[in-house]
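Labels A, B, C and D are assigned to the chains in the order they are written; within every chain, residues are numbered from 1.
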Amino acid sequence: MLSLHHYLILSGILFSIGALGVLIRRNAIVIFMCIELMLNAVNLTFIAFSRYLGNIDGQIFVFFVMTVAAAEAAVGLALMIAFYKNRGSIDVEDINLMKL
Amino acid sequence: MDYILSLITFIPLAGVLLLLVMPRNNALLRGVALAVSLITFIASISLICEFKSIADYQFVENIPWIAAGSFRMNYHVGIDGISLWLVILTTFIMPIAILSTWTAVEEKVKEYMICLLLLQVGMLGAFISLDLFLFYIFWELMLIPMYFIIGIWGGKNRIYAAVKFFIYTMVGSLLMLVAIMYLYFKAGAGDFDISRFYGLGLDPGTQTWLFLAFALAFAIKVPMFPFHTWLPDAHTEAPTAGSVILAAVLLKMGTYGFVRFAMPLFPDATARFTPLIATLSVIGIVYASLVAMMQEDVKKLVAYSSVAHLGFVMIGLFALNQQGIAGGMLQMINHGISTGALFLIVGFIYERRHTRLISDFGGLSKQMPIFATIFMIVTFSSVGLPGTNGFVGEFLVLLGGFESKLRLWTILASSGVILSAVYMLWMFQRVMFGELSNPKNQVLKDLNGREIAIMTPLIIMIFVMGIYPKPFIDKMTPSIEKLIVQSKQKQVASVVLPPMNMAIQEMPAGHPALPTGHPVEAK
Amino acid sequence: MELALPQMNFLTIMPETVLSVVAMALLLVNVLVKSKEKAYLGYLSLAGLVGALFTIPWGQKISGFEEMVLQDNFSSFFSVIFILCAVMTILICDGYFKKEGCNHGELYPLILFATVGMMFMAKATDLMTVFLGLEILSVALYVLAGFNRDNVKSNEAGLKYFLLGAFSTGFLLYGMALIYGATGTTKIAKIALAAQNGAVSGNMMFLVGMLLMATGFSFKIAAAPFHMWTPDVYEGAPTPITAFMSAGPKAAGFAAFLRVFIIALPSLTVQWSDLLWILAVLTMTTGNIIALSQDNIKRMLAYSSIAHAGYALVGFTAHNASGVSGILFYLLSYTFMNIGAFAIITIIGKKGEANNNVQDYAGLGVKRPVLALCLAIFLFSLAGIPPTAGFIGKFYLFAGAVQQGYIWLAIIGVLNSAASVYYYLRVMVYMYMKTPEEDFNWVKLTPAVALCIIIAVAGVLIPGIIPNSVLNLAAISLP
Amino acid sequence: MFDNVWLIPLFPLLGFLINGLFGKKIKNEAVIGGIGTLAIFGSFLVSCGILMEMISRTPENRVFEKVLFPWIHCGNFKADMAFLLDPLSVVMIMVVTGVGSLIHLYSIGYMHGEEGFYRFFSYLNLFCMSMLLLVLGSNMLVMFIGWEGVGLCSYLLIGYYFHKKSAGDAAKKAFVMNRVGDFGFLVGLFTLYWWLGDNANVWTINFMEIKKAAHLLPYGGVVTVATLCFFVGATGKSAQIPLFTWLPDAMEGPTPVSALIHAATMVTAGVYMIGRMSFVFIKSPDTMMVIAVVGAATAIFAATIGTAQNDIKRVLAYSTVSQLGFMFLAMGTGAFAAGIFHLMTHAFFKACLFLGSGSVIHAMHYALHHAHSHDDAQDMRNMGGLRKSMPITFITFLVSTIAIAGIPGFSGFFSKDEILWQAFSNPYHGNLNIVLWGIGAIAACFTAFYMFRLVFMTFYGDCRINAKAKGHLHESPLVITIPLMVLGFLAAVGGYIGLPKLIGELFGGIPNYFELWLEPVFEQAQEYGHHYAASGAPHNAALEWGLMGGSVVIALVGITIAFTMYIKNRDLPGKFTSTFPALHRAVYNKWYIDELYDFLFVNPCKSLGNFLWKGFDVLVVDGIVNGVAAVVKGGSGAFRYTATGYVHNYAFVMAAGTVAILGYYIFR
């Protein structure tokens, strides 16, 4: 029987992988996917808790997160396209006009 | 006449508003500014006439201003014998300052005059405030116009000097702000009325910290050694009017702060730090004199001499007796007059020759006899020759110091009497005596009517205060007596206050505040 | 099966409703408006904002939507800040975007939506509402930051903001999830109840959740070390949007931060006040120190805004009446002074975000004395010099800290403000003390911008001299 | 009459104001000089009236105080602007106004045609006013106004030829050295005031009140401290060791100034001050000893220097220092009246000598100028044989020289002899008496020598200026010679009012009027003195006659040596110089005291000042201030590199921050 802990540990691992991906990957789209991974790890946590607590709030929260993630994806990808149009790259190492 | 103090303080502000809407006609702008400052001065004369020689604050106005959250701030102003003369000094110096750069400032006259008048508002406000918060507001308010005066109309290195002046002063005063807040919460619910904080009976440890915070702010402004280095820069770069006001009034803010706040608020700490302050003052006197002696720039020399003179003031104040404090107060006014006059004099020759290096001059006495006479009188006033104002203050300071525990320091300080003669006369000799060899100096013109008119009131004051200082001393005596009682009272620990790290809860409304003005009952 | 109608109370979200309706209407109207006349959209949105301002109720405490939102003075106060922020931003938008050649009509609905998001954050009493408000705000802001889509800097700002914002949202959400797990609820009031139980509040999960949420909010208010995005985004985003971002969303972040931590987690005061004062010190110091060496005035103000978040955190650390009402007062004043300053930067700047360096301001005091004077007033207020609102606000913040015994924090704070004076003065040095190199003839002071500046000057000076009413308003608006 | 005492300083003050403010416009020398002279002459007349009235009063009623207005009142400190009349101050005002009037008159002639004629007279009037304040002041502070005031006038008048660097230097030196003395005066005042107030609850600086309270003062102890401080003041003003070097330099001023300020009046202020406070000074045996020793040492020291100077005024200057030493010797041995007596006679003959030298210089200058010669008009080596062309000057000069040399019958003899006798016989200093007397006697011998050397070199022998100039030599006008004659007369007979008892007895018991006059002033001091030195040497007429004869012999010896060296055997000085070159060089260069002071005080002060400014103030004090700013700015420059512009770096910082916070909370 899978206990709550298993879910939590799994989501923790997923979250960490996502976070690590954000730190080490260079392609903006991949980074964005890593962030999505983090969000989904959170979703998993919510669901696990919701189930464990017998409380529906967590699941509602997940719906909202998914909706918002979709919206973010739309905006994010649009921004990347705009950037790509001007700069010809979406490598984060090229997103460095402003610094210091 | 109930609002005479506010009137005096805000006439210049009205002048500012008037100037703002006026066309850029330089002569008109100057005239209006001068008229405003003269009106202010005349209005302030009524203060002297109606001032009674008693210890209480007079011409008091107390209007609620801010009352929000746990704070009550009032527009609470009034003067006593200590601030009376400083107010008069301010209003007296202002027309002179405006006249001093009548022709030297050609650019942005409007802004210049606005800055001068704003500065006056700040200075007067600070002297008349009886509410700590209000005092702080005016105290900071002074910085802005002075910053612009130095920075815009100053000399070659003006920006450095202006920024240094601003930030140096700011650091000190912000720490004082924290101390003010702390003091307020220590006193419990109430307002920022200073008489509420007198005789609070704080424990010595707390007093120590609070005193240090206040003293730092004031010591920077005075300036005391080793916080003096902004002064030579600021003085050298500022235009004449700026230097005059800086020397005559702004520096007095520091010493006034000690008298009005640091000493009576924290009597135990005052006693504890008296040796330190006295030591720094003595170092300041001797050190600044020696440094002044070697200066090549007349203005810098005068600036360093300011440091030395204010060392005397500090010794007098911390002697904590009638003579010492009266001497210190007189010395403040004297310094305002004679050093102000010295800066004007430096301004005169700078306007003519565009240099202030001593080595560029020599033998001017021959070419400019009137100037020489005036310069001589002012020099000897600065040196403290009997019969001039400088002597009375210096003498009382030293006498007071000698009677107090600061005897040894006083003797050392007295050596400043010799040193001041050395550096002033040496400078005077090199500038005025000797052969008129430099061809550029041979065509110098003597003082014109305006310049003589500027110097005349100062010269008159030099002699009046030197020969008949009685009215000045008499008016301040009761206030000084009160101050001595406040500053000497020993620590009383009847009020239990929460320790530092616990929240100081607001007292319920209507809870009686601590008795004001009187020492808390001793155990 | 009985259908229990949830308790809904539209009164509680009246202003948001108004704004959302106006925004959506504008989106439709936009299609019909010619590109030269997009300014009308601005006027319409201004009308909507003013309308919304009047629908804000005062003096009531109404809970709505199953305790999802709470209408109280606290939220009203913040709503006023947001609306003012939006109004002033819109006033300076038209001229700027025309100059930059990208006056697309979507701008105004986006600002309104962002405002709605902020307002929701201020009245959220459920983590879900907090999250939703935050995202409504963020998504709008991502777009706004990259609004000048032909400008690569603007693109970059939007993209950076998006990536980092989404990243931080992850942390925030994870924190919420852990809190939910520990307490079994997402309602702030109930979390507070649960947290009184030692078993819950001692739970490591609860603690970690709290901290992660704190980092999420810290990102929004740009507290160090979560501030890194600020300078880049502020520099790259279109100037009016920078003005908007520096004032509104920061206030919104504080609103949510305050609500969650002061209401939900009072029993953990000691724990989070530790965190807060460290954050406050780091934030103030980092912001001020780095700002010292900035030449780009937008970037400088970005660092300055980081520092100001630090000052506000000082009041937060104190979390007493003075401190928190200080935050409210300060955020309001900050809105005026910062947007005021940006308004002037907007019109001084040339097309393509040129002319934004401090050096470019040389001689402004001579050529445009009134503008320079206004900028000087804003800068003095930012530096906290009386008689400006900035001083009064700082006074209350630091006094709160002193009252609570955080004397050292107050001292670090004032030392920081002394250091900050340097870079504000630097602008003035250029404006007043250098000889002009240009005659600033491109500077166009449209009535809208002038109105914005007048509002800002009034908002800085009046509360600076007679702060009583605003302070009292702040005092009755505590959460 | 007493009530009008305020007129005395008022007249010169008016003269000063009129000449100072309007002199430039008046232009007419006669008017300016007239105003100046009449002003001081008016004071003289008032003084005479006061003197008459005082003579008519009984000795007990001769003390009078006139309060003009309250000056500094502060707490328990009270200093009024008030004048004190007593026999002592009357002597002084008579000397000051009398000699002053003559010198003013003289100056009209001497300063004729000088640029800034009005300036000179206004300064001179100001000086007289200050000096009168000094001697009339009824408390220490009024005295101090005068004290510093005369210093100021001295400064102004020494620096009269301000375009000459040496004049400026001398003026500054005089003022600063006086200031050193003033510092002592002030500290002495503080000490006395504080001690009396703190211990006896007598808060006063009024002379008469102190006199009343003097019995409360201890012998020695704090009084020694206070009086020594006062004495420092006196050494500054009266040019005693160690503060004497300014006086010779002060000869840069016009000659009337040297006569008035640096011979007759100002420099005697120190003596007067000790006399005024004799009742305090005598309470400290140690101070009395110091005063006597310093006086004697100065007398001999300055006299030696005087022997080798060639500048006519410098010789007189050193002579003045030496004579002042005599006065201090008198004060230090308790011979207060004798000291004041010598002060007066010295005023007569030294003023006469200076004015005479001025007359000579005036003539020389005129002659040299007309001969287009650039020789030094003050160098005695250029003079010689002037007695023929300037008979009046010569005679008055000779009379004064005889007086100063101490030839019986002339004023100097009576006063100097009285001092030497009292130094020998007064009981205060035990066996040191004989040493003091011995030094005094040798100094007297030197005095006789250098004064006659001066006379011989100037008035006798051949005229050493070139023939062309010689023809232009002539006697000075009446306006110059009248004061000379009056002063010469006084120098001759002025001593008879203070006839020593011994001589007086010979003529039917004529008393020493001068001593009797001053007796009430010094009575109290003598009483205190007897407290610790009751048993003086028994009065021995034979001994006194012997010593008197001895001092006459000594004077004659000095004159003879001078006669031998400068009249009979003119190559002797040259031989002497070549035999003892080092000694001559040392004496000629004033024992290198100026150089020593430069080395000990002036240069170290300058280098210290320079170091403190450039090394400490700029580098350290300001360095710290700027250093803090630089560190902050440097930190800013370094920290801004944390903003790399890379998203992943930013994200990393955020993540690291989160981890750090979590770590802090989990592991704390």
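A few notes on this one:
Here is the rule we go by: a contact is a pair of C-beta atoms (placed from the backbone, for glycine too) under 8 Å apart; a residue touches a chain by one contact, two chains touch by 3 or more.
Treat the numbers as computed from the prediction; the structure is a model and nothing was measured.
Traced through touching neighbours, the fewest hops from chain A to chain C number 1. Averaging the CA coordinates per chain and comparing them to the mean over all protein CA atoms picks out B as nearest. Across the two candidate interfaces, B-C and B-D, the one carrying more C-beta contacts is B-D. Centroids of chain B and chain C (each the mean of its C-alpha atoms) stand 42 Å apart. Chain B and chain D have centres, each the mean of its CA atoms, that are 39 Å apart.
Per-chain CA centroids place chain A at a distance of 64 Å from chain B. Between chain A and chain D, the centres computed from C-alpha atoms are 97 Å apart.
Each of the following residues of chain B touches two or more other chains: 167. Counting partner chains per residue, chain C shows two or more touched chains at residues 160, 163, 167, 231-232, 419.
Residue positions of chain A with contacts to 2 or more other chains are 19, 22, 28, 31, 92, 95, 97-99. Contacting chain pairs (ordered by label): A-C, A-D, B-C, B-D, C-D. Taken in their complex, chain D has these residues touching chain B: 24, 69-77, 81, 141, 144-145, 147-149, 152, 155-156, 159, 162-165, 167-169, 171-172, 175-176, 179-180, 182-183, 186-187, 190-191, 193-194, 197-198, 605-606, 608-610, 612-613, 617, 621-622, 625, 629.
Chain contact summary for the complex, chain B toward chain C: residues 65-71, 108, 111, 136-137, 140-141, 143-144, 147-148, 151-152, 158-159, 162-163, 166-167, 170-171, 174-175, 177-178, 181-182, 184-185, 500-504, 506. The touching residues of chain C, counted against chain A in their complex, run 127-128, 131-132, 135, 138-139, 142-143, 146, 149-153, 155-160, 162-163, 166-167, 169-170, 173-174, 176-178, 180-181, 184-186, 231-232, 235-236, 299. Those residues of chain B that touch chain D in the complex are listed here as 164, 167-168, 225-226, 228-230, 287, 290-295, 321-323, 326-327, 363, 365-366, 369, 376, 380, 385-387, 391-392, 395-396, 398-399, 402-403, 407, 410-411, 414-415, 417-418, 421-422, 425-426, 429, 432-436, 467-470, 473-474, 477. Listed in rising order, the residues of chain D touching chain A in the complex are 640-641, 643-648, 651-652, 655.
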